[in-house]
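Here you go, one structure.
Per-chain residue numbering starts at 1, and chain names A, B, C and D are given in the order in which the chains are listed.
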Amino acid sequence: MAGNSFGTKFVLTTFGESHGVAIGGIIDGCPSNIKLDLNAIQEELNRRKPGQSKLVTQRKEADEVVFLSGIFEEKTLGTPIAFQILNTNYKPQDYDLLKDVFRPSHADFVYQKKHQHRDHRGGGRSSARETAARVVAGAIAKQAINPVEIKAYVSAVGEVSLSKKYNQLDLSLTETTAVRCPDLDMAKQMEQLILETKKRGDTVGGVVTCVIKNVPIGLGEPVFNRLEAQLAKAMLSINACKGFSLGSGFEGAKMFGSTHNDYYNEDGSTKTNFSGGIQGGISNGMDIYFEVAFKPVATLLQPQEMLTARGTLEIVKGKGRHDACVVPRAVPIVEAMAALVIADFIV
Amino acid sequence: MAGNSFGTKFVLTTFGESHGVAIGGIIDGCPSNIKLDLNAIQEELNRRKPGQSKLVTQRKEADEVVFLSGIFEEKTLGTPIAFQILNTNYKPQDYDLLKDVFRPSHADFVYQKKHQHRDHRGGGRSSARETAARVVAGAIAKQAINPVEIKAYVSAVGEVSLSKKYNQLDLSLTETTAVRCPDLDMAKQMEQLILETKKRGDTVGGVVTCVIKNVPIGLGEPVFNRLEAQLAKAMLSINACKGFSLGSGFEGAKMFGSTHNDYYNEDGSTKTNFSGGIQGGISNGMDIYFEVAFKPVATLLQPQEMLTARGTLEIVKGKGRHDACVVPRAVPIVEAMAALVIADFIV
Amino acid sequence: MAGNSFGTKFVLTTFGESHGVAIGGIIDGCPSNIKLDLNAIQEELNRRKPGQSKLVTQRKEADEVVFLSGIFEEKTLGTPIAFQILNTNYKPQDYDLLKDVFRPSHADFVYQKKHQHRDHRGGGRSSARETAARVVAGAIAKQAINPVEIKAYVSAVGEVSLSKKYNQLDLSLTETTAVRCPDLDMAKQMEQLILETKKRGDTVGGVVTCVIKNVPIGLGEPVFNRLEAQLAKAMLSINACKGFSLGSGFEGAKMFGSTHNDYYNEDGSTKTNFSGGIQGGISNGMDIYFEVAFKPVATLLQPQEMLTARGTLEIVKGKGRHDACVVPRAVPIVEAMAALVIADFIV
Amino acid sequence: MAGNSFGTKFVLTTFGESHGVAIGGIIDGCPSNIKLDLNAIQEELNRRKPGQSKLVTQRKEADEVVFLSGIFEEKTLGTPIAFQILNTNYKPQDYDLLKDVFRPSHADFVYQKKHQHRDHRGGGRSSARETAARVVAGAIAKQAINPVEIKAYVSAVGEVSLSKKYNQLDLSLTETTAVRCPDLDMAKQMEQLILETKKRGDTVGGVVTCVIKNVPIGLGEPVFNRLEAQLAKAMLSINACKGFSLGSGFEGAKMFGSTHNDYYNEDGSTKTNFSGGIQGGISNGMDIYFEVAFKPVATLLQPQEMLTARGTLEIVKGKGRHDACVVPRAVPIVEAMAALVIADFIV
């Protein structure tokens, strides 16, 4: 069954195994005549790229996006926008020992069971590399939905968690820290936790918070295509994502209605925003904000017990270049998926 | 934009305003020749029905499902299964005072802004009544996906929260309590909290946990149609839902990889199940379990400040018959949506 | 696999076996705030109804449409519009002898092979009765796409075929003839042919021509969702349809480019219209016109050889009340499907 | 609105302007573990390529397909198959004079009106070049649906039309003639007509007949997703296509039911096949056959009156390298689209 497309009006279809020739995608449904800043797209891709700081994997990927169609004289044509990123710096030999071995908490096992054939040289479609195509498409979506603005940041790494809410933070500081946390003190603690974890050959999870501003009233449909339902699907479609919460989220489940209700101002805005900018599946014009939980990366640079294709258990030491914490690089991916959701409702 | 269908192969489309003639739906894609237990469908609907206990609204709804097509000699024909439930016991006069008033944290305001026309006699499509159609379709899906088994229960009401995990509980006790919590001690505390809240004219949120057993390996697609992405979408499409977490969820974000990884047994099962039964978007044969957070119901039986269509604020006292806590009645809805997701991947 | 929905933005899903409780459908995606003339909808349904003249079957079907949702104070709500038509006047005993018999050129055989279970009391989903739901939805679509105007008529019955093109005819005369042909002389010949055919217990095929006026420029997408591709799909989805041709159609295949090209006037209209109002998949503002071929009805009121479930051949005499020629009643169905296509591109 | 995808389970999405960097596509939903003959794919592409004989344009296009993903060790992975064909031999200067001019019966005008921005260097998405991507995908579909066999041929060029039916012809001769007609005498007449037409700087239309053999019983859904409805959509989505007819087609509209009905043999096959292998939207196991009408190519190599962007009419002489008759090269395209339809129902 096909499953590599996202959206119904602004549709992204992606392709590419992590260790194949290239990854990329096609955007179908982008309106015509939008002036595109191609540098801004490459910059978003650079934010996702490995090797940006000592916190993340030092694997170098050129990750240059090339556009094949849909853009003429720097403006969209209204036709499909195809793009690709060559896989230039992979080391498939790192994966030779994984040919007949299933890593714990990886997709190797289920791929083999589902398809009876897989590209063992990396995660194939389940590799985080696939998200580069989302970032490219998201960067185009961001330009298509202007002036809607999307800003994500790291709000927790392991047990180190921000207590300040998004509106108590200066989000312009996010990109000034390697860990992409706008609270500079907490950023330091997070970075230290990641480095310690990395030293042990271990990995750690974290949380990304995302804020969407300037949303017009009326996006989303009641019932199944609620705006929050699409956002939840978008986020849970990101590798390693384990949870999504909108507005008050799981905290809201503990509250009473008399506190949780967002009372109106006379202009239709609300005094509080526990709802997270969405009522009955439809944007109400207030900020949309949500949290996305990521589990720790499954690839550890320490010996682990693995299952072989022969049905035995073996201790194997992971090789390769992997992040000790995925959340700093997840920030642009969360933004990209949010932009794709909004674009799908707006265009 | 259309938004009232769920699924791509086993597709449910629903219709109906809460105070119109009827609600109902069409299931398209149900395989032929499935023997249906029609009583079991009605029983699921009864679980969702108002007025079942003193905990929930005493509003009586007959809620009898009538099938119009797709079933012949008690077996599915492979053709669309249409069904309807008449709206017999509504009191539209309860809503007369709401004609030009927008209730806080309700969808009235955004509906009016989006459509410039709405059925003010209740929530229209955003009413929880709409979920009755989901329960009917879910009950059919449950029969179509046999022997997959889906069991949900209330794991938190307000601050009263179970510390036991699903596999430490006897889920056969769930339906023996009014609050649908299989931990009988905690059930009592939850019920007490709901009754106190109700007495104050207030409401309180809660959490539903859902477990899916006997799932075949291989359901779900990598990338956008991951099994967890569809589950998240399904849950966030339920009224009042504010969050979804799979397996370790937000707790997993605090963990280290060396603890979080689910190591294999020789038969391909895993020793732990932080993953929640899904790897890389695909079921791995272990139990799938997830939590769903619900905010407190927005309708309070106490005076609240509301926005009028004229742009003024007025104190209005809510009328009507509404639940003080939605989660006991949300249990069958969560199960129904989970069944629809699984059916869509299995058929 | 689901297959009972049509459209992507203005979506019709239909249900109902010909001899079940009811047939009907749900329209999802109809814009809000459209004032609906409910009588006009019933009138369209009356045009399709059996028993209107001596030319067509004398079977009486009340065929009254009842709306269940989506309309409030005679205006659309933007929510799903559900409707149903009860099956009141069927005589299932007419079909008893068909329980284990497959009629030639009917769908009985393939249904049984595909589903291993069927409602033998009539054609089930393959019955022409199913098209009543399309006519209701088409009547709503017609109102939603105003001022686009859709007019179909019978242009051939058997060998009796109009030589005049649509723009040489007074289409306001169509409904004044029993056969729905605006050329009154030809109409008489057609009617005579149908009556003679009926007397013999035989049936005869025919052609419906459809014209769409006042189409805005720009409907349709290049490549797969061309306007003509959707029209072709729509028409070939009607029972007994064997062919579709746009503009010059199969005659165009015989022509030279120097004759076939439609040269422009200065205002962007064209001097000729061999293209049939569509260029590169997109409407160009000229009239869209196309022809739809229908085979003769398969049910004959004379003895025919049939296949039994036991694999033997038997002579059986058809019973029941069936048309000798389907095209007069196909006229409103062709219009309805055309309206659904246009609505899907316009809304 | 997106419109560049075809299919729901075996989905092709294409991209590329005729004079951009490349054209290509992504196939999503191709089952895993299918051994692919890559040469056979390139050979299909060669059949569509310009410059194969004196009958067709002498424009040389390398047209080499490159696969970027989805294939590993010559077997499909079950992941998206991305491919591209570079545009190497275009001469955009041929089109400079068309920048502000709309050619008759071309899509230039409607593209400009719809998108307010277009790639004037050729037909953009409406160019026949786009069909190369369909041929690649169709070649993969052919291998995926084995042993279903699809054979198309030219059955008419202008007024030169075969009277023999497909089952009176030796279809293995099709590719031995430049015009792709298996009736060698008629092939000569067709070729002569094309050459005379070409000499005059004119173009001529034609008809392609397609036969699908070894079709399993049960493909297709009743109502909207009938097999013939998808075939009609597929064919009408090909550039220059003006008509589709299945089995008896427009001739069937002239017939009586007593002649047209296909009576059964005891094994469930039928004695005649006016139905064209489909009953009630579902394949019945007999050969599927249909005709596709193509209009004459709109680009003439003679002076023609064109509309300018300023709203004036001017005589312009077409340049470039274009076919005098499209049907010989349409044969592999018709086969490809048929293969995509069958694959979508089979996988």
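Keep this in mind: a residue touches a chain if its C-beta (ideal position, glycine included) is under 8 Å from a C-beta of that chain, and two chains touch if they have at least 3 such contacts.
Model, not experiment: these values are computed from the prediction.
Comparing chain pairs B-C and A-C, the larger number of C-beta contacts belongs to B-C.
With centres computed as the average of Cα coordinates, no chain lies farther from chain D than B. Rounded to whole angstrom, the centroid-to-centroid distance between chain B and chain C, based on C-alpha atoms, equals 40 Å. Chain D has its Cα centroid 27 Å from the Cα centroid of chain C.
In whole angstrom, the spacing between the mean C-alpha positions of chain A and chain C is 47.
Counting only residues that touch two or more partner chains, chain C has 1-5, 8-9, 14, 79, 114, 124-125, 222. By the touch criterion given at the top, residues 1-5, 7-11, 13-17, 20-26, 28-29, 32-33, 66-70, 72-73, 75-82, 84, 114-119, 124-125 of chain C touch chain B in their complex.
Those residues of chain D lying in contact with chain C across their complex are 1-6, 8-9, 14, 102, 104-107, 109-111, 113-114, 123-126, 130, 156, 158-159, 161, 197, 200, 202-207, 217-218, 221-226, 228-237, 239, 241-250, 252-258, 260-268, 270, 274-276, 279-284, 291, 293-300, 302, 304-307, 311-313, 345. By the touch rule above, chain B contacts chain D in their complex via residues 8, 79, 222.
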